[in-house]
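After this come two complexes, each holding chain A, first together with chain B and then together with chain C.
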Partner chain A sequence: MTGAQAALDRVTRVPGVRGALVASAGDGLVVAEQLMDGVDGRAAAALAGSLVGRLVRTADGAGRRPPAFVQLRAERGSILAAPCPNDLVLIAVVGPDANVGLARLEMLDAAGRLD
Partner chain B sequence: MRSLEPWVELPLQTFLDESSARLTLLMTSSGQVVAQHGFSRSLDVMTAAALGAGIGASTDELARLMGSPRFEALVHHGPRQSCLLSGFSTPRGRWIGLVVFGPETTVGIVQLFFDQMVQQLAAVAPRDQPAAPALAENFEHELDASLKALFGR
Partner chain C sequence: MTEDIRALTTRLAEEPGSLAFLELAEALRRRGQLDAAGKVARGGLSKYPGLAGAHDLMARILSDQGDLAGAFDAWADALRIDPMRTGALKGIAFLYFRAGDAAAAIEHLQRAAEADPDDESIAQALAKVRRESRSFSQRSVEPEPEPRPEPQPQPRPEAESRAEPIAPADPGSPFADMDGGRSLVLVDANGLRLAGSLPAPSGEETGDRVAAQLAGVSREAARATRLLGLGTWQSITLESSDGHFVLVRPTGETVLLAAREQSLPMARVVLLAERAARAARQWLEQVR
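Moving on to the complex of A and B:
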């Protein structure tokens, strides 16, 4: 099992997580994914990758360190993202009932192991 | 943005707004220009259309030799700007899109919204006007007329 797949396994085990993927932040392309039906991984990778890239540039422009974790909360769930080494980003799509705290812990740990 | 076909304008404008593409050229597979954004000289459009159509034909032939379906897209990554070349089917025949974009966007975003534009074009294309065949004897005249319309001169 690759490091990316191991990371996705850990994140998708968290209750309420509808899918997770590893994307290339610079390209916005999917590297690995584990998604439930109905979740568009290509769109999630492109849009969340772009969002994280912009946030990193914004933090850099403000003289701050890049974000370690991003939560974009919406009406029917959230998008979680954790930048990883090697220009990768770990992304999770979660429902409104998800255990976001546990998902955050798993994602931060998994992101640190991705290289 | 300039377009020869009014129904192309809304899908193309949406794509431009969402993708942050710097240059975009939509053309038929024979190189006749349908719409353009970002080009300032007709000579550049003519050259890009000819090269894009040539690359499209070459990759189609490569795919045929390899016994595979057509390639969906060709991406050239550059340090300061990149280029996406993608052929797609429309009710008006096969078209090619050429998109140049910089580091302010990503290839994932460009491909995502390009595919959405292709779906929108297929949905809004007039069905009662079949595509005109690109005949060798009127190709130059058609190209010249297209460029005049696109650049207003």
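Moving on to the complex of A and C:
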């Protein structure tokens, strides 16, 4: 099993996580994915990757270090993202009842191991 | 309509200056008629702004409606009038606990226990918060890769950000009574700063630069959540090793960024951003 697949395994085991993927932050290409039916991995990768890139520039503009974790919360769930080394980003799509705290811990840990 | 609500409505109609609004709003709240309860409570509050019980009631209604920032403010108002009001102390403790600040929750519950030592529900809540905060601390020790932040003085609920230096307030700003708008920036759809300021740790003002980066962020977030079937976006939180940022949208055309040091729990920054968004909405209505 690759490092990316192992990371996705851990994240998708968290209750409420509908899917997770590793994508290239620069161009949004999917490197590895584990998604439930109905979750569009390519859309998630492209849109979340672009948003994270913008937020990294925002933090930089404010004179702060780049974000280690991002949560985009919506009415029926959230998109979670953890930038990784090598210009990768770990993304998870979660439902409204997901254990976001646990997903965050797993993602931060997994993101640190991805290189 | 049940008999008690009918009777209370009649009583309030006959004596509009009475305190019957308290019972009527509470009865409506318990039946889940939250909009009607809010309307009755607001009417009563306009006549009795110095009544702690009316603010406490308003807070319970707002909390049931999911407006936690509004509930926090209303309970803080109740405590300004009556610092030992147990309902407000328990309510604020609940919000702190929900926001992940167990120490502040315990502090408020202890004050509530001093005010009413016979209330068993307070002792039970205290035991529960202590138990769950110990269990959370044990769980979070291992995966935490960064050094723990220095303990911060607990802010008082009525002055969320007093732990940091206060900038001179701009009376024309929507955030004039919130640290003078320091580290709060309201941005329009074109990436132009409408209000607030954002000093970098070095002291350099970065509000305009950051505002430009935020142009289109709302549209991008909306597209992402729509395509993934998650509905309308509500907030974006960013954690970095030297700061916590929260983005919310006070209106469809604006976004608001709140930034704080990393030592302030994210959940509290979210509450601050929601409060600032309400102030921004009111300010935008006046400006227009």
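By definition in this document, the second predicted complex is superposed on the first by the 115 of 115 C-alpha atoms of A that agree within 3 Å, B and C clash if a C-alpha of one lies under 4 Å from a C-alpha of the other, contacts with A are read in each partner's own complex, and residues count from 1 in each chain.
Note that a residue touches a chain if its C-beta (ideal position, glycine included) is under 8 Å from a C-beta of that chain, and two chains touch if they have at least 3 such contacts.
These figures come from a predicted structure and were not determined experimentally.
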Combined model on chain A where chain B meets chain C, clash or fit: fit
Angle at the Cα centre of chain A, taken between the Cα centres of chain B and chain C once the superposition is applied, in steps of 10 degrees: 110
Which of chain B and chain C A:E75 touches, first, second, both or neither: second
Broader residue contact with chain A after superposition on the shared chain, chain B or chain C: C
Touching partner for A:Q5 - first (chain B), second (chain C), both, neither: neither
Touched partner set for A:G53, first chain B, second chain C, both or neither: first
Contacts of A:A43 with chain B and chain C, given as first, second, both or neither: both
Minimum Cα separation, chain C to chain B, after superposition on A (Å): 8
Residues of chain A contacting chain B in one complex and chain C in the other: 43, 47, 50
Of chain B, residues touching chain A in the complex: 105-109, 111-112
Complex interface listing, chain A residues touching chain C: 38-40, 43-44, 47-48, 50-51, 54-55, 57-59, 61-79, 93, 105, 108-109, 112
Contacting residues of chain A [partner chain B, same complex]: 23-24, 26-29, 42-43, 45-47, 49-50, 53
Of all residues in chain C, those that touch chain A in their complex: 140, 143, 145, 198, 200-202, 204, 206, 209-210, 212-214, 216-217, 220-221, 223-225, 227-243, 245, 257, 259
